[in-house]
Amino acid sequence: MAKIVTMGEIMLRLSTPGYQKFIQADNFEVNYGGGEANVCVSLARFGHKTYFVSKVPDNPIGECAVAALRKHDVNCEYIIKGGERLGIYYLEPGASMRPSNVVYDRAHSSMSEAAIEEFDFDTIFKGADWFHLSGITPAISDKAADLALAALQKARELGVKVSMDFNYRAKLWSYEKAGKVMTELLPYVDVCIGSKEDAIYILGMTPSQKPDGALADDVTKDMFQQMIERFGFQCMAGTMRESYSASDNGWSACIYDGKEFYHTRKYDMRIVDRVGGGDSFAAGLICGLVEGKGIKEALDFATAASALKHTIPGDVNLVTRSEVERLMNGDASGKVQR
Amino acid sequence: MAKIVTMGEIMLRLSTPGYQKFIQADNFEVNYGGGEANVCVSLARFGHKTYFVSKVPDNPIGECAVAALRKHDVNCEYIIKGGERLGIYYLEPGASMRPSNVVYDRAHSSMSEAAIEEFDFDTIFKGADWFHLSGITPAISDKAADLALAALQKARELGVKVSMDFNYRAKLWSYEKAGKVMTELLPYVDVCIGSKEDAIYILGMTPSQKPDGALADDVTKDMFQQMIERFGFQCMAGTMRESYSASDNGWSACIYDGKEFYHTRKYDMRIVDRVGGGDSFAAGLICGLVEGKGIKEALDFATAASALKHTIPGDVNLVTRSEVERLMNGDASGKVQR
Amino acid sequence: MAKIVTMGEIMLRLSTPGYQKFIQADNFEVNYGGGEANVCVSLARFGHKTYFVSKVPDNPIGECAVAALRKHDVNCEYIIKGGERLGIYYLEPGASMRPSNVVYDRAHSSMSEAAIEEFDFDTIFKGADWFHLSGITPAISDKAADLALAALQKARELGVKVSMDFNYRAKLWSYEKAGKVMTELLPYVDVCIGSKEDAIYILGMTPSQKPDGALADDVTKDMFQQMIERFGFQCMAGTMRESYSASDNGWSACIYDGKEFYHTRKYDMRIVDRVGGGDSFAAGLICGLVEGKGIKEALDFATAASALKHTIPGDVNLVTRSEVERLMNGDASGKVQR
Amino acid sequence: MAKIVTMGEIMLRLSTPGYQKFIQADNFEVNYGGGEANVCVSLARFGHKTYFVSKVPDNPIGECAVAALRKHDVNCEYIIKGGERLGIYYLEPGASMRPSNVVYDRAHSSMSEAAIEEFDFDTIFKGADWFHLSGITPAISDKAADLALAALQKARELGVKVSMDFNYRAKLWSYEKAGKVMTELLPYVDVCIGSKEDAIYILGMTPSQKPDGALADDVTKDMFQQMIERFGFQCMAGTMRESYSASDNGWSACIYDGKEFYHTRKYDMRIVDRVGGGDSFAAGLICGLVEGKGIKEALDFATAASALKHTIPGDVNLVTRSEVERLMNGDASGKVQR
Amino acid sequence: MAKIVTMGEIMLRLSTPGYQKFIQADNFEVNYGGGEANVCVSLARFGHKTYFVSKVPDNPIGECAVAALRKHDVNCEYIIKGGERLGIYYLEPGASMRPSNVVYDRAHSSMSEAAIEEFDFDTIFKGADWFHLSGITPAISDKAADLALAALQKARELGVKVSMDFNYRAKLWSYEKAGKVMTELLPYVDVCIGSKEDAIYILGMTPSQKPDGALADDVTKDMFQQMIERFGFQCMAGTMRESYSASDNGWSACIYDGKEFYHTRKYDMRIVDRVGGGDSFAAGLICGLVEGKGIKEALDFATAASALKHTIPGDVNLVTRSEVERLMNGDASGKVQR
Amino acid sequence: MAKIVTMGEIMLRLSTPGYQKFIQADNFEVNYGGGEANVCVSLARFGHKTYFVSKVPDNPIGECAVAALRKHDVNCEYIIKGGERLGIYYLEPGASMRPSNVVYDRAHSSMSEAAIEEFDFDTIFKGADWFHLSGITPAISDKAADLALAALQKARELGVKVSMDFNYRAKLWSYEKAGKVMTELLPYVDVCIGSKEDAIYILGMTPSQKPDGALADDVTKDMFQQMIERFGFQCMAGTMRESYSASDNGWSACIYDGKEFYHTRKYDMRIVDRVGGGDSFAAGLICGLVEGKGIKEALDFATAASALKHTIPGDVNLVTRSEVERLMNGDASGKVQR
């Protein structure tokens, strides 16, 4: 059981029930989540000792967000209270060829205006085995980007292994801004989660081969290689989503550690809720790596875990380790367990 | 922004939630809709100035029906109040190989017993660019058929362009009755929406070629040609639904203007609610034509719009113009917009 | 209209709505069902005079279970009241590659502790045409196994035709225990529902051919032949489920009467609720056979009926005879009936 | 256990949840009820063998209405199928000083157009102990009034005891029409349920004393006396509702048999649903009288039963006999039973 | 039918169902409302031609807010689109001695940052009979206070009658700030709605008599007199709420026009939803005054209307004119209308 | 912040929504609670470090029960997993004169069959300030009674202060059995919660005065005095519930420490959910005493806290300390906080 720390924003998600458009909804389903918070809950469900670092408003809505994590056994003692508001995102779930629609209302959130001094990272990282961050946190504000950098530096200083997920959000920042900030942060990262597109569009890297002629996996391996060389990652991994429609996706992942490149089997998923799919992958990968599994086994676990996430409503992956292992071992028949 | 008038019945739809059979339902979902009303709302959503002409009972249920239209910016000043009741239809949504089941309880509705004199069509059509009607209105009663004829004649007289959708309903009238009435109405129509089957079974037309050897599109073009010649339509269009099951359909459309025959791409749809699919097509087509687009572009817009309708609960198509255009331009991936 | 008796346990089913995991649920959907009870309701819906034999606690929850049957016109006069509790099963419906999960809480139920003397089988079977039982009843307790045997013997004695469905549940008993008990019960059975796996794993029979080289149907026929020879069945039937995932299954069935082996067409089902699928098959088969149809027609009816069951929420098959016949006659298009 | 027959219309009730106005409702709660049907269910719950005589449409909505009765053990074999539609009433439940609002949509219902010849009253009343009817049935149509008369005459002929409840509804008929019809029906009645206002306004009777000076009970006794003399009732009973508001009512009842006048204690009720309050009183009274209790005891039972009805959602009184007896014996504390 | 303009913020209200605390809620009920918007809807329901002036974000949530008004026939052409977000308030409805709890999240809303130049008040007030504003609008930001002043000045200039409701909110501004701003705004007001406490605590006025010895009405009249003298109101009115608990309130109102002081009867209300009670009073008062009724009749109408509001879920008063008149005329019995 | 330990059973509560009778419910509301668990959550909400000691089955339902506690910050590390099942109770909430009805299905629960050796009480009580138990735990089984005794002895040995609540449940044990067991347990108790009736009927004590002539408080004081003398309590407290009906109760409490007898003010409560009212009182009392408040202040806090509980759905008291203090300080007006 490892001590794993994640830091980020937790938001209130308000979604319409039954595929309704916003204009039809008389009530919203309430969930609390966010990139790193989702990772944290999933790792807690897998049995690790997880800590979430954040700032929420000192009001009942902030309290609800914390309780939602605590319910799943996330340690919340490093969540501070204050600031103006809890960020919100409105979600209109898509179906078939109609995409899900997200409306952000997250500006001025407590976490986006939190200051470095408010967190005692020496205490937070004491005895920690792993620290995870996503590219959403530095995207929400300059202050949050500074906070992310400070945390990464302290984690490196204290010997905590660090993973970071690009998680690029076009509604939060531009490629240019993302490139500038991520370039500062990535040197402190051990395990990076991203895609060849992140390397090309955000970091401005150039594939060695012309992409059109090359196989997708070759380009991916090339870009992962370049990233590893530039930032010194131990390994880099990423998911491949094939969006046939909002209802059906293909899902696989690949990993590269400078030596071996591995691409998992592909899952064809009937989607219940795809939000948090990437986060559940990150959680699965961290779970495998922190437990000392090889990169292939860790990746297989992560891919099965995140495929299952797509069958669960809400942001967070509530599957158990044994459910993941059953799928990982090949039983995708969905037969009733009775 | 064109002034578009539609006339017809608006009904209360009572449907069971969660694929329940009627006998399981402890509550019914409430929607208000009907062929032409659905067209009207969709055109209002696309930004046109729409007017709905109808009669509803002067009680709270009639008021609910009107409010449901007004919410989406349909002008309701030509809806008159009186008569006995609001028509109802009960809907048991199907799934997989189980078809949706509709139970009509629409006899004696206010609109079915409305008289021509109750409507001031000179005022209604003043400045109007378009008038739309469906074959459901003349089917509900002889009085309504008379009303439909009067409205069509006045529209023609005042130079308002007219579209009409066959929309044949076997539970409302026979092929014979439909043929007799439609034959009186169609001479006043500019844009007709229907199928080769409507021409053959309702109007008693004969394909030039034996259907079995011919390609479906050839037969369609043939019948559309015959219809255009007989009634003087400017163009005729129709949708092609392939019902693989209640859950999955293929969807495309074709149009013919006497010169050019065009058949769109086919969408494979995972269905949320298929009621109103044809109405949303009519709305899309009118939208394109009233804005002066060519028949191909208008048809592509109509087909994309109506494919999206199938992903939305309720009778009416609540998608926005930009959602339609994104799909029309080829993005059917259903990727989250964030 | 035949008099058909079934006997078994009726349970409270508590299931999570909207694909929620148990840990997300703030309310449970309430259904009452159970192997033989499901058969009974379905046969009542098809127009037969059905009687359910069971024991439920003398409290409001037991009363709810009885009312749920009575609503669908099952005669409940042979249900006795007493004992400790109504058995429960918790259901977490699966989706895509995530299987449905069942948690049983049925020990100590009134039916599992009912004594033979509490039932007056002479009255119960008087004038009865058919008696149906499933392998779940003898599995729930030794007392229930004794009760099952007594009922079967009395039915045979009184010339009532008997059907029995293996319905093996690994969470209730082992292959060994099942084999021992079923071997005692099967000699009283006329129509047996099961699979080649039941023959091999529960009854310890051996396929004549090596299964790997043989076609599945050949092995099935072989095992059915052996079963018929050993126990004197009039015929044996079984369903073939292909679990592509928790959301999509293939579904067909076969039957053998010692002379003719028949395998139906296969239905590809988009699943709403698969619990009770086997029970609805048994009901359909009994319906056909009790009405004197041939085994092929009875099987086609049973297969169509049970395919439709998968589109209905809850344990019981609420389709009507005409819905089954429409599907049986080939219309699987799911087109709206209006 | 007496055989008790009631005859009347069963309707679909569509009500808004959570004190919503009609214009707010996105779903309606579904209940099936009606004056005599409510009486029937309540008597079935008290353990009597009840039969409901009616006509419902031969469609799934008619089937739902029947199933709703059967669930509570009402024998439905005398309900015939056919006609146009099931009557509907929309209910907007009131609160505090806002009254509940009912919108009727019951014209053209199957029952309102049923003919005398469709029912075999000789079979229906064979062995019956009691027949109950309310003034709603003759109010819905002239045909239904004829049917009511025919049933009452046959009941009298066959020696079945008859009760009738005035149940005057101003939205269905005028005082004049009601007076004319009721005067024809009442001679066949043994137990009449009504009020002094019914006598004065519907039957045009005149109080012996000036009402303003007299005590309410004295006027009631006077009018009951006049009614008994005129129509030959065995006894007459009525409820007294004090409507403090839509949320709080006082409730008591009185009875007179020509000799003794008795007025029960008054219950102060916090109301959950007051529809069906009068019907539950009729059921309670019939229950007591058919079991041979004295009029005081029967009235106390009826009053307690109907007070409890007001705490239950829906039209029908689902309390058990023991719940009524506990209240009747004085325990109105509402203490948890655990 | 008067043209009535109101201006203010419209917010998304998120409330917990069934008396849940925030921490229990898995879904929030969605309503759109706000002080002046509530007034506007109520006046539209009474049949007036109402216009709402506001700014909402140009996203689907802003669109929902507008549609919610349009549904009730509010003219929304003066609502502009832009800015950052729609303000939110979270509501935890109270019961008995537990107060309702409101959490505001309205900072940075589009309306709070709207500029005077964005509105064309000459067009807006053209032909208008009345303009209503509440003290919430100037409280939300300095910019909104400037906007309020500009609107009031233009209304006065164009001869539009003006009403203003103090509506003091302690969570939005202090007494001092409110006093300073209101003092600037009130000279442009014709009809003022407030309380003696507003005069004393916000405007710093001093009662002529010592309050402890005086009757409440005398103090109120005194303060209203002082207000009228200082600001030149035509009349001043206010409501008196007696909060026995969150579930039960007394409700009355008084008015003074410099000559006559009138205090209405008191309603004892069982509360369904008390938010918007004051707004519904303002709407009722404006309704009466704009129609030329005397102050007593207008006040009686306003008081009955607002008492009824407390029985309806949501912010807005959806009662009809006839419902108000029935209560106003003394029928508070809550008897079912059928 | 004190370390407080409670031990007991946690159950699944299944309740009908909207005042439905069991027979009407299509879904049950899900809550997890139980006497001591409710106390534990409430104390956690007040800011104390609470630990719950129990045994739940090692399945998803057991996991849900634990998560429900953890959500509110109860430390669950001493909850062990195993045994047969989670106990259930079905709740039909009453209204007005209809009492709530509870159906227990808690036999064979994991906690009722837990053995003393399964718990390490030395660790559990290490550093603990307080241990709380209720009379429900020893009532559920002899094994649980042994466990209770062992825990109490160890708590006394380790100097942990002990409170115990009689909480007599007639459906669980008789007065005789309760008297025998409680007599063994009470000598280890410091703070006892109970009533004069507990002393008289369970412990067989005799009031010094004839109850009929004496004031209720005098009898209570007398019995508390006798209890204190016999068992050596530090103080004894109890609540006084006046059940006007299931909807309205009066609520007060009294305490006696051998010297001073104090009876609080009475709260008149409109009830949302009265289950857990006594537990919330126990929590409030422990909260006050463990923080060193005087008995009067502690009792006032406990009474206000438990009055507020009655306004919250579910078993557990989710109010905050500040909400309690506001009520305790006299503000019972229920005015909106905004």
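Residue numbering begins at 1 within each chain, and the chains themselves are lettered A, B, C, D, E and F in the order written.
Going forward, a residue touches a chain if its C-beta (ideal position, glycine included) is under 8 Å from a C-beta of that chain, and two chains touch if they have at least 3 such contacts.
All of these numbers come straight from a predicted model, not from anything done at the bench.
Engineer: Which neighbours does chain C have in common with chain E?
Structural biologist: Per touch definition, common to chain C and chain E: A, B, D, F.
Engineer: Given the pairs D-F, A-F or C-D, which one repeats the contacts seen at D-E for over half of the pairs?
Structural biologist: D-F
Engineer: Most remote chain relative to chain E, going by C-alpha centroids?
Structural biologist: Here the answer is chain C, farthest from chain E.
Engineer: With contacts counted as defined, which of the two, C-D or A-B, has more C-beta pairs across the interface?
Structural biologist: Answer by contact count: A-B.
Engineer: What whole-number Å value describes the gap between the mean CA coordinates of chain E and chain F?
Structural biologist: The answer is 45 Å.
Engineer: Spell out, as numbers or ranges, the residues of chain E touching 2 or more other chains.
Structural biologist: In chain E, residues 17, 21, 23, 26, 67, 71-72, 101 touch at least two other chains, as defined above.
Engineer: Which residues of chain E touch chain D in the complex?
Structural biologist: Per the stated touch rule, the residues are 17, 71-72, 267, 269-272, 307-308, 310-314, 318-319, 323, 326-327, 331-338.
Engineer: Please name which positions on chain C make contact with chain F in the complex.
Structural biologist: That would be residues 14, 17, 21-23, 25-30, 59-61, 63-64, 67, 84-86, 88, 90, 92, 101, 103, 105, 107-108 of chain C.
Engineer: Can you check the complex and tell me which residues of chain E touch chain B?
Structural biologist: Residues 67-68, 70-73 of chain E touch chain B in their complex.
Engineer: What does chain A use to touch chain B in their complex?
Structural biologist: 18-21, 23-24, 89, 94-102, 104, 169-171, 243-248, 274-275
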